[in-house]
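You will see two complexes here that share subunit A, one where it goes with subunit B and one where it goes with subunit C.
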Partner chain A sequence: MIKKVLIILLFVLLGLSLYSVVKYNTFGEDKTVVARHYIDYGMKETGSQNIVTAVVVLYRGFDTLGEVTVLFLAATALGALLHGLRFKSKEKEPSSLIVSTAARYIFPLIILFGTYVFVHGHLTPGGGFPGGVIIASAFLLLFLAYTQKEVSEKTLSLTEGTAGILYVITGLLGLVMLNSFLANFLPKGIPGKLLSAGIIPLIYILIGFKVGAEMTGVLRNLKEEEK
Partner chain B sequence: MNGGAMFYGAAIALIIGGIMIAATKRNLIKIIIGLNIMETGVNLLLITTGYISGGTAPIMNKTWTKVVDPIPQALVLTAIVIGVAVTAMALSIVVRIYEKNNSLDIRKIKEMRW
Partner chain C sequence: MVNPILIIAISLFGAFFIALISPFVKRTGKIIAFLTIGFDLYIGASLALKSLRTPVIAYTAGFKPPFSINLVVEPFSAVFLLIVLTIGFLISLYYLAHPGEEPEDKFFTLLILNLMGASGIIMTGDLFNLFVFFEITAISSYALVSIRKQKASLEGGIKYLIISSIGSSLFLVAIALLYGQTGTLNIADIAAKLPFINKSVALVAFLLILVAFFVESEIFPFNGWAPDAYQGAGEGISALLAGVISKAGLYALIRLTFTLLDLPLRSKLLIVFGIMTFLIAELSALKQKRVKRMLAYSSIGQMGLVVAIFGIGTIPALKAAIFQGVNHAVSKVALFLLVGMVIKNLGIYKLDDYKGLGRKNPLLGLLFSLAILNLLGFPLFAGFWSKLSILLSTGKQGLYLLLSLILTGAIVEVYYYVRFMKILYERNEEASHLEIHLLEAMPIIAMAAFIIIIGVNPGLITPLFEKASEAIFMKFSYINLVIGG
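== the complex of A and B ==
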């Protein structure tokens, strides 16, 4: 009885909140002043062609640092939860010749594509997070093709930790030089060039390394462990 | 049917569908899948609120004056990453529950009765 009342209450609340979202946000209308400012002055202020990247890395940079921390915490908690897990697993079959041969040639290409995506975060769609996940997917292919393959946990933690610390140091340098955490202290350059937008490419490269290492660590932990 | 009704409708259908799956299924993996479907719906809803008629992606490599609102897109970028982290966490907890109870059925887990 009480369960049913709760479920009905939940759906009524959900319906009300969804209704208000749809009611007050007319489709296709120009709504916020903040968005106007970002669109009109974003490229001038940050030197970044991709305004979403400018919002993520500079205007809301502190938020992104928190997001990276959440990802780090989740990866760590996952490692702690799955530590020492042993399944009574069946014998692992090695993957077929086609998969293992193809993986050998495709692996470097996926890594290259991931690197391209996070290096060009301020010019094209993409950035550190998608780039990092693409790199992790290359490692997933490696794990699928070579079941015995291991990535050392030490290397992963070292990459992840170094990238995280460098991110915070970049922020602190902004604090020292321009009195604002994560301020853009490097020259902005010409928008559209690879070396432009100040600290945005720097931070996105660090995020790319960090996310790549973290997601690879998650995959490594979720992989069935050998006895 | 105009674009607004389509996108809002799809987002709300995904949210309701996801909640229905999460509330009615007994299998833990299916509950997590339901939560993921709901998350997709919420992301679509956020992106839809930021659409401006005739706008392109907020990348200014031409003299475009009409682009869509970049803020919901930046927020959804955050939400996707957090969603992946939460899903990975939830799956690892499910692995532990399976190891202890040898079942993914929530009716068979004594600690989850109320």
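== the complex of A and C ==
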């Protein structure tokens, strides 16, 4: 009882202290320092029409490499923790004719859309992470529609590992050529064109593949059952 | 040209490479992890040496901070980098001859990334980047703790996951508050703008950061996860918790409260919470029946002591705290690895089961005694010098209450460790003989050598701590270093 009261008190205290200071941080007003710089010079310095992408992949690209690692870690950790555990599941009913037929036609379209999202990351909203997740959702549909369908672990690991290694190599090339990790060593091109913004599309394609393979791997791990 | 980025790049390369080949060639993780971490240590050591003359700064993405992320290695971070990578390397060496947890390839991937996260926390000069590396370290730690999938390890892992996630979300809120005030995420830049930050915002952000990293550095009352995590994890991972993960959390705690938000409140809070942790943990260790849990509580206690000494904040105190942190890392890692060898051979967990083991296995007994005596600060061991400098620096500031509390805790510590040693050397005909693999014992022998060499001649290493404590003491030199030049 006392414990519960204490917990509630603690949360009230946390809420009050946050409430009392949030008013000092004005939201929606003119951007300051770093954000101002990105808005004013972002397109000129990176050649990317999408400034959010320029911040994510170039200015703070090192964080993005870290986030890619976080996702990789989460997938690896899940795989490690599920290793050796097999869950009994009910006998699966095969999906209906409508689902399996529709899946056959929709699957390539979803893949195409996912690819579009990560290839155009520097032009339109989206990028490698959402693109990769869309691709994984295509595989989810496949798993649901065809219960016997398997994606080989080898293909997934190969895609995942290769994309990750190429990402690191891209970063190192920047280090070798411009003395700065993840620096843009390719021409910036004309903003708005598909081939522009230097290494940004390249990195987003790699992330797209990596995230797609990782999320599919997660789904595969979760659907695996007693054999 | 050594670049701190290489540590991150090579670790990622190693981790992705294991993922790439593990479906084709099994059980390569062990070797790849050893090579990767060895390379990291090589880079880290050359960086540390270089940083003693001129600090090393690396920019990413070809833009200068605050617009991009930078890594900074100056003497204070260099010392922590050395601790973390050396311990990490010794643990990977230990695992060459000791079975890793299953699934092995994934286990070693997690180990590499955990060390990468810890080095990232220590090297980064950017607040949000610190959060990213903190997440990497934390997520890999949860998995490493629970990978054994026994009840105790799952319990430890899930407690750690919940408490640490709350801590990291508080940290994130603090980052948002500071970004809203200053419009930048660079640590040096925010530190320079501290006078312009609204006082109450700074205070709330400070407290949030304090809580977040009290969780990681195992400070009471935020350390409920720690005993279970230490107990449930494999012994190599308990060593990792004591020598790497908690040290990275400690580094972030000190860096953020000394450099980023240098508020006068810090000193009191660190001392009070630190000494409270020390006393409570030492008293809890006293009544433990299981060796690993006893070591866990002792580890928590040591972290509390180190935090309290950091709280005093004078240069001699900072020096003493760093020295004690190093000694604790070395001793505790050695102890956990030794316990790991005992468990692998005999499968015993209770204190009483250790009866006579030291008498029957002289090498094991010797190494156990060295690590324990070092921890207790026995003369002519490295620990003696750090304990002495703790007492001197506390006394010099006239903090006699703190001094007496430290002595009280230390007496409790002496009592249960000596009791443990007595059990080790008790006469017992039935004590079993241990097969000790030399490679497995190598890292522990290396640490024992360190303890003795530094014990005989502490001057070999104290100049390093001197420089480190000056570096963390003078925050303006850090600010100038990053955004001045």
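The definition used in the following text is that the second predicted complex is superposed on the first by the 212 of 227 C-alpha atoms of A that agree within 3 Å, B and C clash if a C-alpha of one lies under 4 Å from a C-alpha of the other, contacts with A are read in each partner's own complex, and residues count from 1 in each chain.
What we mean here is this: contacts are C-beta pairs under 8 Å (C-beta built on N, C-alpha and C of every residue); 3 or more make two chains touch, one makes a residue touch a chain.
Here the structure is a predicted model, which means the values were calculated and not measured.
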Fit-or-clash call for subunit B and subunit C when the two complexes are aligned on subunit A: fit
Subunit B versus subunit C as contact partner of A:209, first or second or both or neither: neither
Angle, in degrees and to the nearest 10, that opens at subunit A between the C-alpha centres of subunit B and subunit C: 70
Contacts of A:218 with subunit B and subunit C, given as first, second, both or neither: first
Contacts of A:58 with subunit B and subunit C, given as first, second, both or neither: second
Subunit B versus subunit C as contact partner of A:7, first or second or both or neither: first
Contacts of A:175 with subunit B and subunit C, given as first, second, both or neither: second
Touched partner set for A:139, first subunit B, second subunit C, both or neither: neither
Contacts of A:85 with subunit B and subunit C, given as first, second, both or neither: both
Partner chain in contact with A:124 - subunit B first, subunit C second, else both or neither: first
Smallest separation in angstrom, by C-alpha atoms, between subunit B and subunit C in the superposition: 5
Footprint overlap on subunit A, where subunit B in one structure and subunit C in the other make contact: 18, 21-22, 25-27, 31-32, 34-35, 38, 60, 63, 67, 70, 73-74, 77, 81, 85
Touching residues (chain side subunit A, partner subunit C) in the complex: 17-18, 20-22, 24-27, 31-38, 45, 58-63, 65-67, 69-70, 72-74, 76-77, 79-81, 83-85, 153-154, 157-158, 160-162, 164-165, 168, 171-172, 174-175, 178, 180-184
Subunit B to subunit A touching residues, read off their complex: 2-5, 7-8, 12, 15-16, 19, 23, 45, 48-54, 57-61, 67, 69-71, 73-74, 77-78, 80-82, 84-86, 88-89, 91-93, 95-96, 99
Parts of subunit C lying in touch with subunit A, wherever the complex brings them together: 3, 5, 8-9, 12-13, 15-17, 19-24, 58-63, 66-69, 102-103, 106-107, 109-110, 113, 116, 120, 128-129, 132-133, 135-136, 139-140, 142-143, 146-147, 149, 173, 176-177, 180-185, 198, 200-201, 204, 207
Subunit B partner contacts - residues on subunit A that touch it in the complex: 7, 10-11, 14, 18, 21-22, 25-32, 34-35, 38-39, 42-43, 49-52, 54-56, 60, 63-64, 67, 70-71, 73-75, 77-78, 81-82, 85, 87, 123-125, 127, 129, 133, 191-192, 211, 215, 218, 221-222
